[in-house]
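Shared between the two complexes below is chain A, which pairs with chain B and chain C, respectively.
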Partner chain A sequence: MENKLTRSLYAVPYLLWIILFVVAPILLVLYYSFFNIEGQLSLSNYEKFFTPVYLKMIFSSFWYAFLITAISLAVAYPAAYLLTKTTHKQLWLLLIITPSWINLLLKAYAFLGIFGTYGAANNFLEMVGIGSKQILFTDFSFVFVSVYIFIPFMILPIFNSLNDLNPTLLDAANDLGASRWTTFRRVIFPLTIDGVKSGCQVVFIPALSLFMLTRLIAGNRVITLGTAIEQHFLVTEDWGMGSMISVFLMITMVLIMMLTGSRKRGA
Partner chain B sequence: MENVPIIQFKHVTKLYDNDPPVLKDVSFEIERGKFYTLLGPSGCGKTTILRLIAGFTEASEGEILFNGNKINHVPANKRQVNTVFQDYALFPHLNVFENVAFGLRIKKMKAPAIESKVKEALNFVNLQGYENREIREMSGGQRQRVAIARAIVNEPEVILLDEPLSALDLKLRTEMQYELRELQRRLGITFIFVTHDQEEALAMSDEIFVLNKGKIQQSGTPIDIYDEPINQFVADFIGESNIVKGKMIEDYLVEFVGRQFECVDQGLDKNEPVEIVIRPEDLEITSTEHGKLKVKVDSLLFRGVHYEISCYDQDGNEWLVHSTKKAAVGTEIGLHFDPEAIHVMRLGETEEEFDRRLEAYADVDNDGE
Partner chain C sequence: MYDFKGFTLDWYKELFQDTRLLIIVLNTIVVALLAALISTMIGVLGALAIHMARKRNTKNALLSLNNVLIVSPDVIIGASFLILFTMAGIKLGFYSVLLSHIAFCIPIVVLMVLPKLSEMSPSLIDAARDLGASGWDVFSKVIIPYISPGIFAGFFMALTYSFDDFAVTFFVTGNGFSTLSVEIYSLARRGISLHINALSALLFLFTMLLVVVYYFISKRNKPNGMGVGK
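Then we have the complex of A and B:
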């Protein structure tokens, strides 16, 4: 009996934390989303959300999040595959992960320097004879920097699932007549799909609500739902609308998690 | 065509980087439709031979022929062989049917043909009705059968089996030994089986290749290898043996542990130093007066079918005896054996020399009759 008591005592800090910092904020956000800008209880935020202005914003958020995820995946999968083939794979992995330890803001400012009018990128373009270009404050630079930031998070789960793959399975496929491509399509990819799914989750969901990069790198040319939330809370002080968008994002994320949820298939 | 060996190794050497060679100048022939076993301790190169035949790795030197054609650089997916792997290597994301159908689907076979072939293969290994099971729902023995079905469904000319029974418990292993042997007879195709278990090799094979340190030590039928081991390694590795140093006095007379014994070996040089092998089951316990050897019982181990009795003679040689009779520890007993039980091994004899000597010896025997 004592055991049971002490065990419930251990749970107290955890429960307090969850209630104060997870449950309460979510309820608050939900609560605020039902108040319009004059502070009256109404559903106007939800009505406003389905107007063309916001629908366009939703579309652009999803489009950029999709682009960032797709490009990250296209770069990360082959990179993770090559990593598993190297002799010091843990060291190489560490090197790829290291940039994610640097502060995001710092990295963003570094790119401001690189992509700026007199930055390294333009110097290079001039040297090869293409000439100076406007790189900063375009959707290209936004996607590029986002992909750069998210790639470690995409590589890690894919690397882990590739690393867990039993190499004899590849011999077996080969033995049964499969070419390298068929082996990839029929054995390697299906067996690492869980890693791909969790990689996409950790990239797509935050990419949906990016806001700092949209201003710093894209110069507000790309407006996402994240930007909208920031603007509503800090500039227009329409907390209700900001909360409403947050609620929408949360629901979307839950849906994405459910859709890409990994069904475990053991050996 | 029928007379061409299905697989031939000609002076094959395999090196990995700068390590000592895994295989050293190995040559052999594999005939069609027989059950072969590559037997040896771990690291002897037996799995390397299998991987060379399967095409997972390439020979550093020498030629590998399949049906008389050189296949050194033919990739694994183009070879007429299929492998049953040690850990089965079944695809965990596919069910039993799809695992077995894997090779057929790659050959772009039509769906009804695949269906009937997979069914037939599963029947062959007694797994009818398991088509829709997931691999994780199958027991070790069942997975083993799926792996075999997946190999035979492709109708290869040779099936390679890499220690496929090592993960099974003893009873199931014995059962699968019978089944594999039976399967090979029914299919009539060549099986090349790799194992480190000498009993398994003796029970299943038409031919055994005993390997050690990247070389074939001896090849022959199970009975040949057991009765006439070429050297100490083979004698020790195949079954248990008592090995002592001796001297060939003349034909049919050999000296060891300070006494001369009648034997059936001949054709060796006079006073040639030799090694003597006597199998533990060929030693009989008798009284000290009747025994050819006088030994003291050191320990006694009950093994189920027999007692394993360890004795020492006055020179300190250990004599292992397998007997259904018990002997008290510490007592002196006599050991009796027939002249046929003595097997004489020449030191450092190669397999060719050994075979030539055995043949000459057989001829003399026939003339005598």
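Then we have the complex of A and C:
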């Protein structure tokens, strides 16, 4: 018995971590979501959540996340496809992945300079004769920068599944008289759908919870769920409502993961 | 600042004369190193615990709990840790930042070490036991040397994550304490300045350095590679 006890003693710090930093925070967020701003136990947060103000915010947050995911997918799929055709696949992939190692803040900050009134983008517009425009602090800049940030995360899973595709299947489709479009629609896309799904998953959830970009790039014009949480926790100090939105975000996350999860689970 | 005149190192000079900023840089490095070190220790033990779990269900449950912090959005991690520290009465500052960095680095280390453990043939342990090694000997002379590539990779990953983190830190850092990314954020909200440009360049170089070190470690130890994933 004692042997067994000492044998499992090494797992104590890790289990403590699970209890303190994984389970406890989730329970605390749940617990706090039942308190209103005066600190009384109530369901008012849940009532408030279904008022038009919040519903509109949630809708716009989902809309932006959808837009970001769709545009990243539209860019990433062809890019990943071309990547698999190049000779130095791994090198190109590395080059595309490298930006994802750089701090998000630095990338956002770089765009502040590029999109600024006297930045490179406006200089270019000036040069082609369109004239300078307000680019920063618009919806366009927000979506553009987010797409730029998320594209590597979209390319990676799609690239992996395209790379695993057996080329003989394409030959077979060709032999059987399928056009290139049919081959893509009936063979390539269905076989890489898992990559597309996990790509969408790793883009959509973070896109819902962005908060730093909305402040720096979108100039508070766009409010995502993440921005709302940050606002409630750090600015208005209405922790109950913030927790409520966190709970909502967590539920959404689980739903999306179940929706996009592949069948090969439990590894 | 938009009238470009030429190249200069003035802004770097100014950067290095700003003691407040230097203290922040120092804070960031201390937090990252400590967080990486401690999370590596706990993470290795955790990977062992998951690896040794007999029942399949226990293993899967531990793995899912392990991955919770990896998949949750930073905002939620930050907000829930803020509640946690406030409830536990931990003053926001150095310790709260350090604790939360340790917390979100542990699952990454576990995921880096776990493949190495499952790659290890169990007969190695049996052989060591047969030759009379004690439990501690098996751990320190067989398991640890075998999984050390995973441990190093995990350590550098943790270092990079901790160094790069903004969202979680932003929530749990109090008034007096600040790390580099939080500082850049608050400066950037006021607009562009050459001061931050210099700081960003340094941060960028440092991250790249970490990535290159990490890349070579994983390259040297994993000929069958895990790809360029994170």
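Worth a mention:
Methods note: the second predicted complex is superposed on the first by the 249 of 267 C-alpha atoms of A that agree within 3 Å, B and C clash if a C-alpha of one lies under 4 Å from a C-alpha of the other, contacts with A are read in each partner's own complex, and residues count from 1 in each chain.
The rule is short, and it goes like this: a residue touches a chain if its C-beta (ideal position, glycine included) is under 8 Å from a C-beta of that chain, and two chains touch if they have at least 3 such contacts.
The structure presented is a predicted model; accordingly, all values stated were derived computationally and were not measured.
When the shared chain is aligned, chain C comes close enough to touch A:209, but chain B does not.
In the overlay built on the shared chain, the residue A:21 is in contact with chain C alone; chain B does not reach it. Legend: residue contacts after superposition of the two complexes on their common chain; A:233 is shown touching chain C, with no touch to chain B.
Touch criterion met: A:104 reaches chain C, while chain B stays clear of it.
With both structures placed on the common chain, the touch criterion links A:74 to neither chain B nor chain C. Once the two complexes are laid over each other on the shared chain, residue contacts for A:120 go to neither chain B nor chain C. Between chain B and chain C, it is C that contacts the larger number of residues in chain A.
By the document's definition of touching, of the two partners only chain C reaches A:253; chain B does not.
By the touch criterion defined above, A:53 reaches neither chain B nor chain C. Put simply, chain A uses residues 266 to touch chain B in one complex and chain C in the other. On the side of chain C, the complex with chain A involves touching residues 2, 41-43, 45-46, 48-49, 60, 62, 65-66, 68-69, 71-84, 87, 100, 103, 106, 110, 135, 160, 164, 166-167, 170-171, 181, 184-185, 188-189, 191-192, 196-197, 200, 203-204, 207-208, 211, 227-230. Those residues of chain A that touch chain C in the shared complex are 6-8, 10-11, 13-15, 17-18, 20-26, 28-29, 32, 90, 93-94, 97-98, 100-106, 108-110, 112-113, 116, 118, 156, 160, 205-206, 208-209, 211-212, 215-216, 225-226, 229-230, 233-234, 239, 242-243, 246, 249-250, 253, 257, 266.
Within the complex, the chain A residues that touch chain B are 166, 168-169, 171-179, 182, 186-187, 190-191, 265-267.
Note for the complex: chain B touches chain A at residues 54-56, 75-78, 81-83, 85-87, 89-93, 102-103, 106-107, 134-136, 150, 154.
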